[in-house]
Amino acid sequence: MGEAVEILLPTKESSLINGGIDQTVEQNGHQECCWYEEEIDDDLKWSFALNSILHRGVTEYQEIALLDTKHFGKALLIDGKMQSAEIDEFVYHENLIHPALIYHPNPKKVFIMGGGEGSAAREALKHKNVEKVVMCDIDQEVVDFCRRYLKANLEAFNNERLHLIINDAKIELERREEKYDVIVGDLADPVEGGPCYQLYTKSFYSGVLKPKLNHNGIFVTQAGPAGVLTHKEVFSSIYNTLKHVFKYVTAYTAHIPSFVDTWGWVMVSISSSLNASFTYENNLLTSYNQSSVLLNEKHVYTEESARFIHGHGKAYHG
Amino acid sequence: MGEAVEILLPTKESSLINGGIDQTVEQNGHQECCWYEEEIDDDLKWSFALNSILHRGVTEYQEIALLDTKHFGKALLIDGKMQSAEIDEFVYHENLIHPALIYHPNPKKVFIMGGGEGSAAREALKHKNVEKVVMCDIDQEVVDFCRRYLKANLEAFNNERLHLIINDAKIELERREEKYDVIVGDLADPVEGGPCYQLYTKSFYSGVLKPKLNHNGIFVTQAGPAGVLTHKEVFSSIYNTLKHVFKYVTAYTAHIPSFVDTWGWVMVSISSSLNASFTYENNLLTSYNQSSVLLNEKHVYTEESARFIHGHGKAYHG
Amino acid sequence: MGEAVEILLPTKESSLINGGIDQTVEQNGHQECCWYEEEIDDDLKWSFALNSILHRGVTEYQEIALLDTKHFGKALLIDGKMQSAEIDEFVYHENLIHPALIYHPNPKKVFIMGGGEGSAAREALKHKNVEKVVMCDIDQEVVDFCRRYLKANLEAFNNERLHLIINDAKIELERREEKYDVIVGDLADPVEGGPCYQLYTKSFYSGVLKPKLNHNGIFVTQAGPAGVLTHKEVFSSIYNTLKHVFKYVTAYTAHIPSFVDTWGWVMVSISSSLNASFTYENNLLTSYNQSSVLLNEKHVYTEESARFIHGHGKAYHG
Amino acid sequence: MGEAVEILLPTKESSLINGGIDQTVEQNGHQECCWYEEEIDDDLKWSFALNSILHRGVTEYQEIALLDTKHFGKALLIDGKMQSAEIDEFVYHENLIHPALIYHPNPKKVFIMGGGEGSAAREALKHKNVEKVVMCDIDQEVVDFCRRYLKANLEAFNNERLHLIINDAKIELERREEKYDVIVGDLADPVEGGPCYQLYTKSFYSGVLKPKLNHNGIFVTQAGPAGVLTHKEVFSSIYNTLKHVFKYVTAYTAHIPSFVDTWGWVMVSISSSLNASFTYENNLLTSYNQSSVLLNEKHVYTEESARFIHGHGKAYHG
């Protein structure tokens, strides 16, 4: 410590030292502080470490929080459930949007049911031939919250091709006269008491949605968990329901780490088969970075170059 | 309460009532008691509810526990990590064994490195043309533990076609003269300090393993986590390392809920291409029950027949 | 590993090795497996590590579990709340029973409201001049469960001076003609919806309980949490309510680690003041082992003999 | 929903609605978000719900965090351990400071070893006859952090009677010539590897501290956990060590909820007995608000006025 100096506080300058504190924090990768615990099921829960609680709010319809997590980056939670995480939301939103827009010969008008977060619109607007994206979410405050805090979507929210409507998606589709090339269902799962299970019914699909699709129209919807243990909850039922309304139906899935499950989507066409080759391409699409990583990997495993992982999954019994 | 009766305890008979207690427990599906918490990563952990702690032990090499979990059924944990869960271990073990044994024209001799749990042997022994399965695990006590407590594998452990060796898989392969049609790597991931990362090196594959494969020989190994966030840890490296030693190499993956991740396997042949059609069939195989469920689903979603799920993943903003 | 031996399983003898496993477990003091999580308050919960789940049941009135915890020894939980822990239940039960029985000149008849666990009776029966202990608990199955599994209380349950009644304590007191020297309230806190808050009311104390006390009679009741943050919940109210019914009232408290709080008791006399000297002696009583430890401590703190603790509470800023 | 209005985002004004969000948050007392988990012991941990993470830093010596907790109010954590919570820090600091300053006939000069948080100084400065409080803490950044963020201590930090020194308390005491009326040990427990266990040794007390006490001098130190399960860790040893150096020694304790334990202090005098009456007054002091609450309580428990608590501790078996 060297020789001590006696100081009266009012004269002390501490900003440098406090700067020093923050600096040290940056350097400290795995310093743990606080945890967010999410109930996955009655008998299963998980917790992820936080850097900070960025924003929280309660809207007319739901609770909303933006957390800075160590594992998943910034994470949007609605009603305590992981909604979208910086690190892997692209898996959900690319699978929701790109297959339909790639498959459609010339998509000009897109209607998104829900999607207030803005990420579905962001992906749709990447397609230059798209002239108009109508995004219809019921919750004004979620939209304001996401527009304000989700930097990745700010540009999309300000894009002139985006038309934002605050309304119930069913009511809005009914009152509109125009038809769409692609309609996207970016809605919550049909949770008991949730107000949106009506948007998954045969009568809605046949009576409201189908009439709003253009000649080559495609409808794609998120279809809930599709893992080996969960795909019977609603995924298989949504798929089957759509088969009763549309001739051409295909389903595909991808594992989303921050959802702790494999997720499912169902896509339908009113004009032509979404053939197997599509599914195949789509699988390439969804696993694109894995595939490319496999092909580009240069590392060779030797005693000297051994690459290790944080031990999880299979433990040693070799 | 009716009229109270005064009783001296020694004469009381309480077995019926205690029976009643247990009975009530059976009826009580979601009665919670205790939790097992597993660290998935430094900044991510999860907990699953337990019915009971069935057995625990510490061997020369590792800690081992058999838990009766509410969500995954009976679960085997080694060194605190989920090793195998009743509800989805088939996904891991079917992917490990069946593609290789289906693809090989006539597999007679199989060598399993590790696999002390017995499930890999169980799946291999389902192939009637297989005459001999050598299972070589280093940990006598894990083998004894699993043989004693994993009822699903008891028959396999007692099968006369199974030859169990307690030894280091590398030493054992070196000392043996016979060659094998299929060699299976059911080893731990190359965790730092773990004794088995040598079994993932180029020198082991080329110098020890390859010479023990017959003309049409196939080698398949579990290749660690292969999810969108984790496939670069070791999966891509194992794949690339094998490409330096074998001409025909293919990789495939499947999501395993109790591993909280998508898992990877790499399969190699010394004689002929493991072509795309294989991968395709294999994907059908791995997602067999999902596919069949989709095709066999009868439920149609209407307001009246609404099917709900325990809300997770996407929350409402429709 | 030395030279490997090839074995066919049916001939293997594994009991020795399994014995070895259990042995190793004994040696392994802090091997962690599973946790029990208890909600202390909406915004506060704690978890303790378990060795095993000994027994669980559901009775007509409540859920019950006996857990073997690492920190508190065997712990009895009712409706998910810590009820009694091997390591510190003596603090609760000695404070409940001994002050009253020491203070009463000649206690012969004791009535315990509740106390189905058997520990209150066990402490009362230690007083040789006590001729009869009536213990009246409403829950037959809890009594059976505790009698069967709480070894520390088995002798008390079999003691001929104990008269066990299964009935509501209020109804039972009303129907009885005999009076008691000491009545003990070993009841649950007046939790909303709980059936026993009536046993804390002024009308019960004056109309039912007081008439059943002999000339020198003493009534003592547990009075809920009495910590700096919690003593206003019910402790102060129970104390004040009793002051409206009895002339001589005193309160005392002790910290009970497994209750995560300081606990309170209120004692009343119908004949003579429970004077301050009592409270003082009683404080000596409750902190007896601390006091004796202080007086008997031989260790002197030097650099060489430094005694350390698992860091908790105040962190370094010396 | 009424009629929907089509809006282009750039013109939208959302501040009101966001204000609405925050407002709603205020109203929502028990909305849960995130948790802080603290390890109390290897086999015991607890978690408290957070409103927000206010500040975090890493200093040369320790990690520091200021959390806004739902249960304890603002809480200061050092190296992950609860250091001081808004709701009950007064129990610790009043017991540390007031008994010594009340007992001393005329305390003018006070030396605080440690105490960088500022709360000990705050309490000492409440005594108007105190002319000078020297507070000597080794960690400049903790002092800066607390001065900046602990509003309750800001006035104390700016008080002209406070002399703040950044130095090791032992070195500082040695280099000073002046003597003190009261010396206060507000140091960390002697945790293994912690730099301050030397400040608890016989040689320090006799060789360094005692010579710096004036004729009527008093030394008081926090003495670690003193609960029924923990008082042998260091409390009894500190007490006994001081008995080898000072003639007049007394110990006292109080339960501190946010420390999950009862805490201990030891006070010594070089001139006169700290008699029992002191201990008695002091107990009145430390439990002052409990006592006054008991005396002032007006509530009487009736069926109509029943007061309930969040069920914890004893569950129903009445």
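Some notes on this structure:
We call the chains A, B, C and D, going by the order they appear; numbering starts again at 1 in every chain.
Assume contacts are C-beta pairs under 8 Å (C-beta built on N, C-alpha and C of every residue); 3 or more make two chains touch, one makes a residue touch a chain.
These are the chains along with the protein names UniProt gives them: A, B, C, D = thermospermine synthase.
Since this is a predicted model, take the numbers as computed values, not measurements.
Here subunit B (thermospermine synthase) and subunit C (thermospermine synthase) face each other with the same set of residues for the most part; over half of the interface numbers are shared between them. By residue number, more than half of the contact pairs of A-D reappear in one of the listed pairs B-C, A-B or C-D, namely B-C. Here the spacing of subunit B (thermospermine synthase) and subunit C (thermospermine synthase), counted between their Cα centres, is 45 Å.
Here the CA centre of subunit C (thermospermine synthase) is 29 Å from the CA centre of subunit D (thermospermine synthase).
The set of subunit B (thermospermine synthase) residues touching two or more other chains comprises 32, 47, 80, 138, 168.
Interchain contacts close the chains into one ring where each touches exactly two others, per the touch definition above.
Contact between chains, using the touch rule, shows up for A-B, A-D, B-C, C-D. Those residues of subunit B (thermospermine synthase) whose C-beta lies close enough to touch subunit C (thermospermine synthase) in the complex are 1, 4-10, 12, 14, 17-18, 20-22, 24-25, 28, 31-37, 47, 50, 52-53, 56-59, 63-65, 67, 80, 138, 140-141, 144-145, 147-148, 157-158, 160, 162-168, 171-172, 175. Residues 30, 32, 40-49, 61-62, 69-71, 77-79, 81-83, 87-88, 91, 113-117, 137-139, 142, 168-169, 187-192, 194-203, 222, 224-234, 236-241, 244, 251, 253, 255-257, 259-263, 280, 283, 287, 289-290, 293-294, 297-303, 306-318 of subunit C (thermospermine synthase) touch subunit D (thermospermine synthase) in their complex.
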